[in-house]
Every structure is written in structure tokens, then in C-alpha cells.
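Right, I'll just put the structure down here and ask away after.
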Amino acid sequence: MATDQMLARRKLLNVAGAALAALSLATAPALARDTVKIAFIGPLTGGNSATGLGGRNSASLAVDLHNAKPDAKYTYELVPFDDECKPNVGVQVATKAASDKSIIAGITHYCSAVAIATVDTYNRFGLPVVVWGAVLPEITYGNDYKEIHRVNGTMINEGKMAAEFLTKQGFKTFVVIHDTTDYGKGQNKYFAENLKPQGGEILATFPVPPDQQDFTAELTKVKELKPDVVFIGGLTPLGVRVRSQMDRLGIPAQLAGVSGIMSAGFIEGAGPAAEGTVSFHNGAPLTKYADGKAFMDAYAKAGYREDPDAYGPFAFSAANLIMDAIEKAGPDRKKVRDILNTTKGYKALVGEINFDDHRQNIVSANVYVSQDGKWVYWPDSAYATGTKKLPGKAASN
Amino acid sequence: MSMADLAPSVPAQTARSGGLARLAVAATVALLFAGGGFLLHAEQQGQVIALLAAFVAVFALAEKVPVGRRIVGLCRAHPGTVNLTAAVSILAIAAALREEHYTLLMMATVALFATAAAGLTLQMAFAGVPNFAGAAFFAVGAYVAALLGNTGIPHLLVLLIAGLAAAVLGLVLLLPVLRTRGHYAALVTIAFGLLLRAFLEVNDVLGGPQGMKVKSFSLFGLDFSRMTEIGPYDVSFYLPYALASCALFGLAFFLVRRLETSFVGVALDAVRSDEVAASVFGLSIARWKATAFLLGNAMIGVAGALYGMMNGFVNPNSANFGDSLIMLSILVLGGLGNLWGAVVAAVVILVIPEKLQAIQEFRLVIFALLVIAILRFRPSGLMPRAARDFSALVKGGAK
Amino acid sequence: MSPLLACSGLTMRFGGLTALDALDIRVGKGETIGLVGPNGSGKTTFFNVLTGLYKPSAGAVQLAEQDLFARSAQEIGRAGVARTFQRSRLMLDQTVFDNIALGALGRLDLSLLSALVLRGRFRRQLSELVERATALTRRFNPQIAANLFKPAGSFTMIDRRRIEICRALVGSPRLLLLDEPSAGMTHEETRALMDDLLAFREEMPDLAIVLVEHEMDVIRRISDRCIVLNFGRKIFEGPFDALIADREVQTAYLGGAQ
Amino acid sequence: MDPGLLAQYLFNGLMLGTIYAIVAVGFSLFFGVLDVIKFSHGDVVTVGAFSAFGAAGLMAALATLSGPLALAVGLIAALGAGALSGVIIGRLLVLPLKNAPGVNVLLATLMAGTVLREAIRLGVPNGGNPKPFPALLPEGVLKAGSFSVGIDSVIILLAGLAVVLATHLVITRTRLGLSIRAVAQDEEVAQLAGVSFNRTVLGTFALGSMLAGLAGLMLGLYYREINFNMGVMLGIIGFACAVVGGLGSLIGPIIGGFLFAGVQTLVTVVLPFTSAYKDVVAFAVIIALIGLFPTGLIAEKSSERV
């Protein structure tokens, strides 16, 4: 326990290093400020912990940076909870956070199954939350709870963008491999729905358990079907395995995936084979935004052990959105909720945040391609300019 | 050493000083429950650690110090007093923490998992039938509650049907489970759990991976999740759930203890300990294993149904192998066959990790080390089961 | 009058091995048979077949006119055959009473209803059984009777043997099979155990006993008739004195040594 | 069906079966000497994979090593780390709990597996993410019609089969093997005959866990990707294969391994669009087989004396 506190302290010191001058100014007034607690809930242990820890670090960075501001009215304290990506544990920690009256708002959930299970709890207890990573549409659209907001987009945008982009690139035949969680199933649904009007054809769909290691049997079938594109509806581990094993079986098809594979982990995991993989993700790349570089620098300086991952910037933005609402309304859940409800044109790290009538941020998906070991915004990539050719195209030509 | 050795010598002494002994027993139990209540409620790390240390100390005292052993013996000799005090203590804790949503939720969770552990006790601790699919049968109960919650069938009946459904589904496994023993039977249940989960996830009939919503429990027209006050008091809607869960555990406790202290208990123990001897003396191994397996699954199913109703949803993930192992850990850590041990272990396994939220991503590894430590240094569990002593049931005492 | 136990042509084969070869064995009411033979001659196999642990390959088994050939262990147990085991099969973690009760369970009310709700009947049976177990164990050793609810594992080897015999006797069997009760015990202990058994025997004049034993002394003292097995075949049947003189028996034992 | 594709399926199934078999043999070995199930076995596979990954990475960072040398270093690391974790778990957990109920050992080793897994997740930089495993084997693809197979895959498959064979030889031809068999048959008699019980048990744990470490390396080389969770399902499947094949025998788990892989592959081939059901089918087959063969396909020799 003691080491843990030391760890937290060291992290704080690191942050102090990040904003040294600002901090020295801020320490004195900070003592006089009231402390307001914000919950962060995500998977900190288990298979999805990489994203969860990235989200937590980003949110904690936002809080530290905000606390270092000399003109902040309150000192914020981030209270992290681990939902283990398990719905029943999620309900437990949601109840814990929501029934703790000193917690004013929450930055909640990456796993869709957990997020959908907890909406009732937040509504019942009146805790305003901002979802930072779960993409299941029903989380915001399946209810009319004023407490539930979401900064990231849903899989509807991603599926639509994927279908439009891929058919426009001239790909005609598709095979979908998706995991059997609601994330994968949803991705499959929205992609398939949008592909038909575009004239694409799905040759086969393979639902697979999310922890499956070996895909050679499915991929041999894929080899037989010779599709233009293999579309992945799943998270990074699935994407990496399918990508590596496609290579092994000599399948030349183009690989496309959803936001779930758009992580540093995919590129690291798939190695050189990642080159040319296309992915669709809500929001533009960090570097497209004014604060993107500053965020990355501050994150690096804070010395976290894990990368921010794909959804870190969303957690960071959600934290800022909440803190700014509290600055305006004071530490009162109802008032904070009302301010969050009406968010329009809020400048955040991930771009402008506008909530629709279901408190869902209106975002459009963007296309990314893996190029030279990085995810590159499609319009900026060598593939868009024609210097490089998508692997699937090279094969079909 | 076994605490059981001490038990028989006690009744003779206590016959003389019955009243005082009962008082001591009641005080001990009440004190333990008070500590447990504080632990459930404590949020500050310092408090949590102090309470944990206190519990470790209590266990050490009960084992190493003569007075402690004496009190343990007294507790064993006066089960009625223990159970009554426990019931009163639970009511008192519930009344004191009536507005604490999270604490009551955890209390209900502990009670329901302990109820499931009671089912596993019948199966594993008594009949020796391994069941590594506890969470699967738990989930079956919750799915039944989801399907029948809206149909107008009284919810008490829904609980019963849920138990029945879990038992019936267990029938599928009966043949392989009866034909095998030990690790082979364990694998049958592991495979069943994985199979059921995969099936629920892939198949959309029962909601697919998202699962189903479960209507909240209502008793005689009283919707539990809408209860926010009782008389003049504001209460958490988790209060009725906590009380119902504890009552359910009480019922399971009663059933299991009754079976244990009957010839059925003797028969089950014999079947577990020595199949050859049991069958030579005329016991049908299949009958008793089947009885325990089906009854146990029914109990797990009922507990699962109430858990589903409390949470408001159920999904395939509820049937995962990890949760089955959690139930098993509760059983083993508590001491196979001792239901109060199961309650203590349920607190250790379900509540302590939540109290460790402050250590975030290191939680799981610390927890795993804790369980290893308990298994390593107390291989028969926190509270080992006592040998069966019928002497209290025999009029006049045949001795 | 027909004998209590009648086995004819009883044969047991394990794959190619014939462990029991067309055995004809009869045991009368109240008779005590000493069953002897070198190791591996089929004595324990005979017990295992007789108690339903092994399914015999051929032959006939009757207990008081009831056909018990290839029946299940529990049917045979309920028909009145009880036994002890060469390697003690007590449940050491459980109380003496639990162990002894096992011997009577076949005849008790084991319905869930009376276990859970209608406890009156259970309590009556329990009181009776406790009394009976107390009386039985007291005859062998009062110390056991006084500690009926202590784990069986806390007793000495000889007491454990006694408890095992009590377990076999408590259900009032018609036929008792004792598999090397002296194994692992000293001479004195064996003598004491046999004394107990003989004393007890007088109260149950109808009980038939088959005793497997290596100690010739024991056989001589308590058996009415001896049967010698070798390679699964009966090579001798008759009184103990004739056994000592029998040549075939001698070669069976000595032949094994050569 | 196109024979090339058929060959492809066959090869995939063989490969998968070999990996399952190697893991399953470990379970069977432990069970043979000690009647325990060491459930951390799957996570030892992960430890092996990450050790090889780390060692090969370290060597690559220190000096530009050629493929074979880096492979050798990775191999030593995988075997060493596997054996070490096996011996530690055996010494600290399994032997002390020898007389406790079997389920205690199972639970304790399961928790030990969790510790290993979490240690990897927390200890390796960005350990929660999948890692690319370096291609240490010669590249190149053999092609025949629509059948294509990497040279490295062939090497891995042959090596896997060789390891299974080698394990058989160790058990049947060496002193350690003799001790293992002696202890497995009768612990007391073996001790009377001068076989050190503890040393034999630890030797078995080292041997079985080396196999797991090796399986980790093979998985890394074959899939070119490793992650901290890779051992969980593999452990369960390996256990299932060992049990279905018959615990305590050596050939049983090998048969079990190929059987399980066969069923999984077959479902995907025959019912490709319901391939999500392949685990449902595979585990249903397991339950049915155990119902039919209650002590495994290769029946365990009943040593119970009445």
C-alpha cells in the first residue's frame, strides 16, 4: 500500500515536471480550493486493460493539468475504478461511484457490454457520466437518460464510412470476421447494412470467440473464396492474429478493420504485415488538432508506463469537458448534468464536441491507413496520393 | 490440528453453565458480524487494513490461544445461538446501513454467492461431485428470470422455476458426471460451462452477447427496485434485495444443515469418502450423486435468478469460467462443507478486491497472492468443517 | 435344509487370467469358514465377487434362495452380506458413529422429506442407532463407545479394526466376510480381536462368517471348516486338522516358495 | 473439394493438434506422478513465449545476431523460464499441498497462473498489448496448387512431432523417466527402491514445464504474435485433451490433442458460416466422449486395491 502511494506521488511529481512553472504558481492557491472528485471507470485488469490504462492515464493527465491551472476554481481528484470489462463488476463499481455523493461526475467505460449494463444505475443515482470509449449505439440511443453522454462516436458512423470508402476504392467482394461480443456483432451489422446499397457483396461471415488464437481454418476457407477485402469486426488482438495468419496462408486480400484495431498495439503486434491495413475511426488524428502535440508531449513527460492508446484522447477530452462544466456550475450533479446536456461547440482535444438530443457527440468517422509503422490519416497518406498502392488492390490488379 | 477434536468435550461442561456460554457465543458472533459490517462499509484504506488485520488476529487467537479454542468449541456446541445471533446481527447491520446503496449491494452479492456456495457444498463438499460450472447454472437462473419476469408469474414462483430449470439443465450432464470421478468429472462441468457461454453468445435467441434485461424482483406487488422508504425511513432500494438475499441464504443454510445432520448427510459423506465401502453397504452411488448434483444446481439457479433481478440484466459473460472459479474459491477458502466459512470467504473474495480499488491495476495480482497464501497456510480453509456430532439430537444422550 | 450361501461354478476372468475357476462353496447358517491360500490365490477376489464389486463371468450365487449372481453391490449389501477390507476402508475424517452408521444406512429411512421436514422418524432411528452402536462398540472397547463422535482417525489401529467390524455387524447381516482382520497387527492384538469376535459370535448364532487369514493360529481357533484356494481353484475343503495334513495344500504353499 | 485446400486444412489441423498435444502431455505427466492438475500450465506457455521474445529482442538490441543464434538463445530462454517456473510452482505450491484435497492444488495453481499472467501484463512494457514475435526461422513458402505452407511452419511441425517423440524416449529410456514411472506406479514402493520422491516430482515439473515453454516459443514462431492472455484458453484445451485422451498415459493426451484440433477444424470446414459454434461442438464432443469413455480413451490403469 505504501509503495502504491509513493507511486502516485511520483506520478504527481512527474506531472509537476511537465508543468513546472505553472505548478509553482498554482500550489499556493490550490490549498485554498475545494476538492471535487470525478470517477474514472474502465478495464484496468484483464484482456482489455491496455486501452483501459491508457484511458485512465489520459484522464489523470487532464486532471493534473487542470489542477495546475492558476485560475481553476476547484482542485480535482480522479477516483479510478476497475470494471474488469465484466458487466456485473461494472454495476458494482458504478453503484459505488454513483452512491458516493462526493463524486460529481464520471468518465465511464470502454467495454460496450459494461456501459450498456450500467446506464440504469447512473440514471437512478443521477450521476452525470461521459462515455469515453464504448461504441455500442444503444448506450446513448437505446434510452433517454439525461445522465448519459458520449464523446466518442458509435459504430454506426464507422460501419457507414467503411462501406462507402471500401466500395469507392473499387473493392467488390468481402469476407467479414467478427468476434461474438456485441462490439463485433454490431460492427458486422452496421457494415453489412451499409455495404449492400453500395453494391458490395459479402461472401462469408465468420463469427469467432474474441479469445480465439488460431484462425487458419477460417482463413483457409477465405483463401478458397478469394475476396477482395477481409473486414475485421473486433479488437486489436483479433486484428493482429488475423493479419499475421493471413500472411502465413498467403492470402493477398486487403485487410480493413474498425476502430478496435486502430491502436499502436496492432502495428506493433502485426509488425511489417500491418502495412496498408485500413481502419475507420471517429475523430481526426491528434496531429490534426491544435492541442494534439501538446497532449502527446505532456503525456510523454508525465512518464506513464502505458501508451494513451486509441481512446486516451477521448478520456482526456471527457475529463476536460466535465471539469469545465463543474467550473461553471459548481460541484452539483444536476447542474453539471444540465450543462453537459447542452454542450455545443466545446473545443476539446478530439475536436469540437456537439451533443445531439441523445447526448451523443456528432462525429464523422475518418479513414486511416497503416503506413511505415504508423496510423496515418488517409488524405495525408502515400496511398491517397498514389505513391503507394493498397495491398488488396495490388493483388487484384 | 483440527478444531473438531475439541468439540465433543465441551457439551458436558456447558450443560452446567449454559446461559453464560450462550452469552459468550452470542457476543462473539455479534462482534464478528459488527466487524464484517464495518469492513463492508469502510472506504478508507487505513480502516480496511486495520479491520483485515483484526480479522487475521481473531483467526490466530481462535486457533492458538486456549480461550480462543474454548470459544470456538462453544460456538460449535451452540449452533442455534450462533445462527440466531447471526440473523439478528444481519438485520441490525441492514438497519444501520439502510441508506448505503453500495454496501447493501455488496451484502446482497455476498449472500447470493454464499447461497450458490451452499449448492456447491452439497455437490462437492458432501457428495464429492465436482462442479466447475457454478456460474453457468447461476446464469441459467438469471436467464429464466429474464424470460419469465414479465409474464405475470409471481416472482417467488419464478425463483422456484429458475431453480428447477438449472436442475433440469444439469440433467444433461448427469450421465457423464455419474460415470466419472475426480478430474474427469471436473472436465465435464468445465466443458459444459464453456459450451453454455459460447452458445448463449453466438445464438441470438436469448439476446446474444448483449444478453437480456431482467425485471426487478417484486414480492406481493411490492417492486423492490422502487422501494425508497420504509415507514419514516429513507432506504436504499438495495435494502430489500439485501434482506431477501440474506433470507435466501438462510433458507439454503437451513436446508444444507438439515441434510448434513441427517442420515442423508452420512450417506453423502460416505459416497464421497469411499465409493467402494458405500456401495458394499448398500448405498446407491448414482442416486446420491444425482440428488446432490440436482439439488445443488437448483440452489445455484435460484440464487442466480435473484442476482439477475437485482442487477437488472444478464448476459453470456455471467456464465464465464472465471466466475465459476470464484464460486469454487469461496467454497475451498471457507473450508469445504462449512457454510459460515463460505460467508467469510465470500467476503474475502468479493469484497476485498473492491476494497483494493486503490491499487488499481495491481489488484488482481495481489488478490491471487492472497488466495495462494490462504491455501498454502490454511489448506483446509479459513473455517474447517467440524465432524458431525449427533449427540445433541439424541434424547437423554446415549453416552 | 439348503445352506445360507451357495456358490456353484463361480468363475471370474480378467482378460486372459482366470482368477476364480468354477468355485463351489457352500456356507451354512451360523458356520464359520476359514478361507486360506497363498497370495493371489483368489481369496479377496472371491470376496469382491461375492459383494458385487466385480461382476463374475459365470456360475451361480444364492443367498438364502435369493439369486445374487452378478447383482450390484448395493443389492447384495441389502440382501445381508457385510464385509471388512484388507486395507482399512474407514473414513478417518468422519466420526466413529458415521462410520458405523454406514453399515446400517441400507435399512434406514433416507428420504429427503424425513431428513428435511419430518424429523421425528429420523430422530427415533437415530436414537436407536446410537444405542446400538454404543452397545456394539462397548463390547469391543468401552473407550470407543465413550467417544462415538470423535473422528475415526484418532483411534489406534486395533480400534480401527474393531470399528470396521462393528460397521459390518451393525446392519445385522446374515453373512459376514472378514478380509485378513489381523493384517498389520501384533500377535496380542490379533488374539484380543479374535476373543472379542468369538464372544460376540455367541450372541448371533445364525450369523455365518467367512474369514480370510494367513495366521493359521487364528484359523484354527475360530473356524468350523476350512477352504483352501490356489490359482482360483478350491484345492481343499475340510476341518483344520485335515488341512495341516493335506499334501496338495502343502505343495501349494511350498511350491510357491520354490 | 480442391485437394490443395484439403491439404491446407490437414496441415492446419496437424499443427494445432501438435501444439495441443505438447501442452496436454505436460498435464498428463504431472498427473502421473502426483495425481494433481497444475492449472498454471497454460500460463507457463505464455512465460515461455515472452521469455523467448525478450531474450531474442535483447540479443537483437545488443548485437545483430543471425537468425539461428537468436533462435537458439530464444529456445534456451523459453526452456529455462518454463522449467524454472514449473519447479518454483512445484516446490512452493504443489508439494506442500500434496496431502490437501485435489481441488486446493487446482485452485492454488490457477492463482499462480494468474500471478504469472498479471506479472507479464504489468512487467512487460505495454504488456497488455499483443507483441510481434520475430521471424527467427527461414522464410519462404512451399507451394503446390492452392496449397501453400511456410518453410517455418514445416520446421515447427516437425520439431513439435520430434519433441513429442523425444518426451516419449525420455520417459521410457532414461533414469528420470524410470523414476517418473516408478513414482507414478507406486509412490511408496518407489521410495523404498531409493527413488527420491521430491526430486522426481520436481524433475517431472521441470520436464513438463519445459514442454510448455517450448510450446510458447512454437506458438510465437508460428503465429508471429504473442499476448499475455494466450495461455488461458490453451491451458483449458490442453487439460481437456489430456483428460479425454486419458490422464497418466503419454499417448492418450497426444490422441486427445489431435482429436480436439480435428473437431475444431472439421466444424469450420463443414459448417463454415457457423464457425462460432466450433467451440460449442468441440466441448460437446468432449462431454460425450467422457460419457462414453469415463476414464479417457486410453484408460488409466486402475490401481485401486480393494
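Note that the chains take the letters A, B, C and D in the order they are written out, and that residue 1 is the start of every chain.
Convention: a residue touches a chain if its C-beta (ideal position, glycine included) is under 8 Å from a C-beta of that chain, and two chains touch if they have at least 3 such contacts.
Treat the numbers as computed from the prediction; the structure is a model and nothing was measured.
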item	value
Touching chain sets, computed without chain A	one piece
Chain located farthest away, centre of chain D as origin (C-alpha)	C
Rounded Å distance, chain C centre to chain D centre (Cα mean)	48
Centre distance in Å when chain B and chain C are each reduced to the mean of their C-alpha atoms	41
Where chain A and chain C are represented by their mean Cα positions, the distance between them in whole Å	73
Euclidean distance of C-alpha centroids - chain B vs chain D, Å	35
Contacts with 2+ other chains: residues of chain D	118, 276, 279, 306
In chain A, residues with contacts to at least two other chains	45, 49, 53, 180, 207, 209
Sites on chain C at which at least two other chains make contact	53, 85
Contacting residues of chain C [partner chain B, same complex]	51-53, 72-78, 82-83, 85, 89, 91, 93-95, 97-98, 101-103, 105-110, 112, 114-116, 119, 122-123, 125-127, 130-131, 134, 145-151, 154, 167, 171
Touching residues (chain side chain A, partner chain D) in the complex	45, 47-51, 53, 180, 204-209, 211-214, 216-218, 220-221, 223-224, 236-237, 240-241, 244-245, 247-250, 263-265, 268-271, 273, 305-307
Residue ranges of chain B in contact with chain A within the complex	45, 49, 100-102, 105-106, 109, 198, 201-202, 208-211, 236-238, 307, 311-313, 315, 317-318, 320, 354, 357-364
Chain D residues within the chain A interface of the complex	2, 5, 8-9, 12-13, 15-16, 118, 121, 125-126, 128-132, 141, 143, 146, 148, 150, 153, 219, 222-225, 227, 229-230, 232-234, 264-265, 268-269, 272-273, 275-276, 278-279
Of chain B, residues touching chain D in the complex	124, 130, 173, 175-176, 179-184, 186-188, 190-192, 194-195, 198-199, 201-202, 276, 321, 325, 328-329, 332, 336, 361-362, 364-365, 368-369, 371-372, 375-376, 379-380
